[in-house]
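Encoded as structure tokens, the structure appears first; notes follow it.
The chains carry the letters A, B, C, D, E, F, G, H, I and J, assigned in the order they are written, with residues numbered from 1 in each.
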Amino acid sequence: MNSNPSEFRDILEVFDNPAPQRNFTIEHHCPEFTSVCPKTGQPDYGTIVFTYVPDKICVELKSLKMYLQRFRNEGIFYEAVTNRILDDFVAVVQPRRVKVESRWTPRGGLNSNIIVEYPEESSK
Amino acid sequence: MNSNPSEFRDILEVFDNPAPQRNFTIEHHCPEFTSVCPKTGQPDYGTIVFTYVPDKICVELKSLKMYLQRFRNEGIFYEAVTNRILDDFVAVVQPRRVKVESRWTPRGGLNSNIIVEYPEESSK
Amino acid sequence: MNSNPSEFRDILEVFDNPAPQRNFTIEHHCPEFTSVCPKTGQPDYGTIVFTYVPDKICVELKSLKMYLQRFRNEGIFYEAVTNRILDDFVAVVQPRRVKVESRWTPRGGLNSNIIVEYPEESSK
Amino acid sequence: MNSNPSEFRDILEVFDNPAPQRNFTIEHHCPEFTSVCPKTGQPDYGTIVFTYVPDKICVELKSLKMYLQRFRNEGIFYEAVTNRILDDFVAVVQPRRVKVESRWTPRGGLNSNIIVEYPEESSK
Amino acid sequence: MNSNPSEFRDILEVFDNPAPQRNFTIEHHCPEFTSVCPKTGQPDYGTIVFTYVPDKICVELKSLKMYLQRFRNEGIFYEAVTNRILDDFVAVVQPRRVKVESRWTPRGGLNSNIIVEYPEESSK
Amino acid sequence: MNSNPSEFRDILEVFDNPAPQRNFTIEHHCPEFTSVCPKTGQPDYGTIVFTYVPDKICVELKSLKMYLQRFRNEGIFYEAVTNRILDDFVAVVQPRRVKVESRWTPRGGLNSNIIVEYPEESSK
Amino acid sequence: MNSNPSEFRDILEVFDNPAPQRNFTIEHHCPEFTSVCPKTGQPDYGTIVFTYVPDKICVELKSLKMYLQRFRNEGIFYEAVTNRILDDFVAVVQPRRVKVESRWTPRGGLNSNIIVEYPEESSK
Amino acid sequence: MNSNPSEFRDILEVFDNPAPQRNFTIEHHCPEFTSVCPKTGQPDYGTIVFTYVPDKICVELKSLKMYLQRFRNEGIFYEAVTNRILDDFVAVVQPRRVKVESRWTPRGGLNSNIIVEYPEESSK
Amino acid sequence: MNSNPSEFRDILEVFDNPAPQRNFTIEHHCPEFTSVCPKTGQPDYGTIVFTYVPDKICVELKSLKMYLQRFRNEGIFYEAVTNRILDDFVAVVQPRRVKVESRWTPRGGLNSNIIVEYPEESSK
Amino acid sequence: MNSNPSEFRDILEVFDNPAPQRNFTIEHHCPEFTSVCPKTGQPDYGTIVFTYVPDKICVELKSLKMYLQRFRNEGIFYEAVTNRILDDFVAVVQPRRVKVESRWTPRGGLNSNIIVEYPEESSK
């Protein structure tokens, strides 16, 4: 991966949480994600699901879409891209909590899902 | 949004809970909700689900339908309308607890759900 | 509703629990329930699901079917009929615990479910 | 029912648990179960699901199939046969824990499931 | 089974966990598993699902596929192969936790699933 | 069956076909049909589907619903009620063609469908 | 197979076609069929579907169920039993046309369907 | 309905068929259609499906969406709106052939579909 | 592919058609097929479906299973193996007609089906 | 679109039809297609399905995948890309017949399919 991470984050826009006085949950399902396998150079396809409890701000949907499109020609592994998306989301949106799941189409007869949470899930 | 919120709440009608001596659960699924995106002026479409434990009164179904129809030409964002419906429901029906979920059809290849509860869910 | 509740309960027949020494669960799904809306006079259609842990006796299936058919021409609201069925079941079968769920077909574009439990669920 | 229960149990064969040092779960789904209703003489049809944590031994699959076929012409009620299968399984396989579920096809417009566990589930 | 277990494990390749500072979950679904029943000599077919929290390393997908293909002509029972795959995975990947599930196609009208976890699940 | 057939037909209302200059197809799905088995006195439940090409008039939906409700306490067999509904529809709506299908819930482990068309389908 | 075929047919009862003046279609789905494999002695399970255009008479449902139950302990192959059921149906009900389909649960990882029609389908 | 039909048609935009030398098929599924019942004043919800073979021009998607939105507060019956949409489509797009289907959500326990084609389907 | 084709065919066993006087259809679904890609050496997985009208003989199921297992370690392309299976079936079973379909699991994000018929389908 | 069409076609590789003496059907489902909307610059996502009867040659799967990936950053409309893929396929593979279908994910609440055939379908 040769892109500058901070440049990706800059795309994310936010707006004021309309109900910061309560904890509530927002889910965004993004079934049109694609990036490139750094080993084979072949495209990967997947769905990214965000589930979060906003604090002071919420993520703006169109900017989230534009952010995800930045990975279209980016070479990056499943595990790395999912952790990176979580890190970017936490850095910009500063939610009370967030879970990022990536669900990938089959490669070589196997298909994978990655689930990352902030604050971190316990190991048990 | 330029409508008067209290005017919306007035539409909701209630009837006496037939079993106030026990906690029990009522669910109403409303798959024909539509409002208008205040940014684009385009209609949004979704399902609203109410899950509640009534206290002294229950919401009357036809009035719930008429209440939801008031949003048909209202400009309001996903997060705001879901919180507003919860606030209206709590103000009029005064349930022991209630959850409002909104599930929206895709826009720009992404689809979103919002889940709000009273009393408020904890952040963990 | 002008029928005599005790008359309905009398239809329910029971038999000895074949394993009273242990707690186990029995579910009966009854997808052919119909009653009448007391407001509009129109028929309502739904599924009634019983989930119970028997104590000394179990409910006999054919009598449960005949009991539910007694509501065919009875005018009664969703919330009232679900609570009434629970009360009748508890009175006759005296289970260790029981849940009655009613799931109704759509009316006016909305569909509802009611869930009642004995002993009562907590409000949280 | 006029068959000798111990005769049924004798059909079950076992083999050594290949990993007795750890708790792990085995599920067997048996969708081709049939017995006879002792009241009507009509055949009943259902699925039996075993979920167990083996101790020293595991049940051999072909013998489990032959065991279940012994009920083909046996007159026995839903609740009784499910408890009896659990008792036979516990007596022969002596698992750390086991759940037996029977799921029956509709009769008279109703369909039933029975769930029995060892050690016994609590009533709450 | 006449193959050398250590020889199988050698096929598994690993790479550095890109986010060892947090607990996160990786799932791999492998629907094209086949081995041979040691009793009948007939092929068995199933799906293997891995769910794990990596520690210092992650398993490389292509090597996982090649590892599973090694069982193609191996005679081994359901319960044994599932425990063996868990043991191999733990030995090579040393995850914080891992669950291996095998889901088998029907044989003789019955179908089975085996679920093994590390660290071991409790018996209750 | 002791009701007067002509009395049933009188419930059906019609309105002018808005496009009589062309052949087009109208389908009405009515999943809440119930009548009574004349042999057992037990209720039957089914779905009635109308597929027709209107000529000068179309059937009014609310009257179609009220018409079907007239069978609620009527004793009549599957084959007879389907043919009778077709005859009533043809007599009142006089369509260019129409098919009536009834799909019944299981009785005694069997479920049935009846399909009647006007003008009559050929036997081959 | 050592039963007397004519004895089986005798179970089928009929009633007068309520609409012999037109061709219409009747379907009966019978998902609880079981017979015995004459080669292995093991039970087979399947669904039998009848689709027919009645002439002067229709088959009575309860007798159809009792007829199918006669095969419960009968040793007979898939192809033979499907053809025999067609022959029995044609002999007793004398329909204008009839199709009998049998759909069997998997054996040895393969599952089969047999479709027989009267009058006979052409080979192309 | 008090809107001017020609005003609606004007919204539809077209572009040159990129392959007018051959017959090919274009389908557009529009699941977010809503209009108003002229009798009850209540909103109706449905899906509109266009299937057409273009001649010289194709319909532009965004204009098709804007065209359908014009019916949002229009009072018009199922049968009339489906025929009107076909007429508008034929007038503006002049396709070699086109089918318009409308599939409506349930009202009063019944749900309807309307299918209109150009050139007209035959009555048999 | 280095196996001798005639050797494969020899595995297929047949039995006398129990109803050679009529044309009827037999389907066998075989979801556990596996062969090897001659280019990559990787296993392929698929379902083979046979649909045929028998003439004097029918294929015996267990031999069909054993026949298909012979391809387990055979290197052969999708198109070739499907045509070869058809040729073998026609040579041994000599049916009035037969269709062989192979449906393959995804490779490289694409999945394929091959359909071959005897007598040959026309090109239009 | 500023790419050179002949350059795209050059990627497609072929191999000899293993059964040119008969007409048979090959289907390839390619669910991971993506191109770019020339109007908005936003990515489009879809599935491409090829159904063809080969003549002297068949298309090689890996080259078909590489060919489709060439559209990843190409600006081209739904109707144009589907016709272009058909033209390329016919030019290189020269099949007896072929159908290309493209099925696109929703944009603005509408989703589209395009179906193109060679030789051309008739307009009726």
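Basically, contacts are C-beta pairs under 8 Å (C-beta built on N, C-alpha and C of every residue); 3 or more make two chains touch, one makes a residue touch a chain.
As the structure is a computational prediction, the values presented were derived from the model and not from experiment.
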By the touch criterion stated at the start, how many steps lie between chain A and chain I on the shortest route? 1
Minimal path length between chain C and chain E through chains that touch? 2
On the document's contact criterion, could you list the chains that touch chain B and likewise touch chain F? C, H
If more than half of the interface residue numbers appear on both sides, call it same; otherwise different. Which is it for chain C and chain D? different
Centroid distance [mean C-alpha coordinates] between chain E and chain D, Å: 28
Chain-centre distance (mean CA atoms) for chain A and chain G, in whole Å, is 57
Using CA atom averages as chain centres, what separation in Å is found between chain A and chain D? 46
Contacts with two or more other chains, residues of chain F listed in rising order: 31-32, 42, 45, 105, 107-109
Which chains are in touch, pair by pair? A-B, A-E, A-I, A-J, B-C, B-H, B-J, C-D, C-F, C-H, D-E, D-F, D-G, E-G, E-I, F-G, F-H, G-I, H-J, I-J
Touching residues of chain F toward chain G in the complex: what are they? 77, 79-80, 82-83, 107-118, 120-124
In the complex, chain C residues that touch chain H: 42, 45, 105-109
Complex interface listing, chain A residues touching chain J: 31-32, 34, 42-43, 45, 69, 72-73, 105
Would you mind writing out the residues of chain B in touch with chain C in their complex? 17-19, 22-32, 53-54, 58, 61-62, 64-65, 96-97
